[in-house]
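We call the chains A, B, C, D, E and F, going by the order they appear; numbering starts again at 1 in every chain.
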Amino acid sequence: MPIVQVNMMAGRTDQQKESMIRKVTDAVMDAVSAPEQNVTVLINEIPKSEFGIGGQTAEKLGR
Amino acid sequence: MPIVQVNMMAGRTDQQKESMIRKVTDAVMDAVSAPEQNVTVLINEIPKSEFGIGGQTAEKLGR
Amino acid sequence: MPIVQVNMMAGRTDQQKESMIRKVTDAVMDAVSAPEQNVTVLINEIPKSEFGIGGQTAEKLGR
Amino acid sequence: MPIVQVNMMAGRTDQQKESMIRKVTDAVMDAVSAPEQNVTVLINEIPKSEFGIGGQTAEKLGR
Amino acid sequence: MPIVQVNMMAGRTDQQKESMIRKVTDAVMDAVSAPEQNVTVLINEIPKSEFGIGGQTAEKLGR
Amino acid sequence: MPIVQVNMMAGRTDQQKESMIRKVTDAVMDAVSAPEQNVTVLINEIPKSEFGIGGQTAEKLGR
């Protein structure tokens, strides 16, 4: 029953999120032989003003 | 000082969220004899396009 | 598919953990009408030297 | 590579979030001698209707 | 800078953990075109007595 | 009621953890004018075999 939380910067398309869920699920199944139905993936989109790298927001860094 | 994070699909009413916070708090108090004021419950609503079950989004699955 | 993470201080008995999982699951089922099999509860035990309240460890505070 | 997640009630200004990221990054660097570029801070803003203290939402408590 | 947290039942070998980190990193790189060095994967092993499925511990369920 | 989770590699001394809790608490108080007693800091130590950077474990990377 692996549960995966993906924290990433906001701004991805629905297609990218679908791809993330599909590919990460496959990776987890493959790594630990988990049945597909047991893998849960939760994406957490973080606004650039709330994502800090080296003390600055991603917004200020122009990411 | 138990801190509980509830990850669930978006779309619940305010009344359901209040009920979640009340009931989970009571459950935690009861299970480990924690004083009410020490229990914190954080709800994290996850959009259906970011909730993956068995490799597909909840949106695609029609959940 | 609610997924609940309970962060609490280390030192509980197995019986208390079982009770936590049972009672929190019931609370979640009740609050949002989720089927029992869809509720996952993960307990995260935190050592007292890694649990900070008001700037001090729970260990130093004698909790 | 410390990764810090700050869960706090929604409603802070961008300036407060920038200050949070700057100050928490400095604190982590200072505490464990981590290089600045290795410190990541993620802010998670929680609506008052989803933040439960002692069994009630922060909204109901007038926080 | 995607940061992935994998919560799974304790008891995996070091080789399986290495495989998990390698495969999940590749999946994330592929899904959102992230540079390899920017992907962080944190595994969180959860003892069977602290992993609840449908109200019972994984230990009791014989998982 | 800010709740801070610090994920970092295992191997720090108790003194470093105390310092982390003290300094991060002060940073949070300062950034959003939170009362000291309302700040909770949870440290999560991650073994090097479970911390992945760029697809490899911190153990393999010699961190």
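We take it that a contact is a pair of C-beta atoms (placed from the backbone, for glycine too) under 8 Å apart; a residue touches a chain by one contact, two chains touch by 3 or more.
Remember, it's a predicted structure, so these values are computed and weren't measured experimentally.
K.L.:
Can you spot which option in A-B, A-E or A-C is basically A-D again, with over half of the contact pairs the same by residue number?
P.N.:
A-B
K.L.:
From the C-alpha centre of chain B to that of chain E, how far is it in Å?
P.N.:
From the centre of chain B to the centre of chain E is 21 Å.
K.L.:
I'd like the Å distance between the centres of chain D and chain E, where a centre is the mean of that chain's Cα atoms.
P.N.:
Here chain D and chain E have centroids separated by 24 Å.
K.L.:
Multi-chain contacts only, two chains or more: what residues does chain E have there?
P.N.:
Correct list: 1, 3, 7, 20, 22, 24, 26, 40, 42, 44, 51, 53.
K.L.:
Kindly provide every pair of chains that touch.
P.N.:
A-B, A-C, A-D, A-E, B-C, B-D, B-F, C-E, C-F, D-E, D-F, E-F
K.L.:
Sort out for me which residues of chain D touch chain E in the complex.
P.N.:
Spelled out, the residues of chain D in touch with chain E are 1, 3, 40, 42.
K.L.:
Along chain A, where are the residues that touch chain D in the complex?
P.N.:
7, 44, 46, 49-57, 60
K.L.:
Using the touch definition from the top, list the residues of chain F that touch chain C in their complex.
P.N.:
The contact residues of chain F facing chain C are 14, 17-18, 20-22, 24-26, 36-45.
K.L.:
Per the contact definition, I'd like the list of chain A residues that touch chain E in the complex.
P.N.:
Spelled out, the residues of chain A in touch with chain E are 1-9, 12, 16, 19-20, 22-24, 26-28, 30-32, 51, 53, 58, 63.
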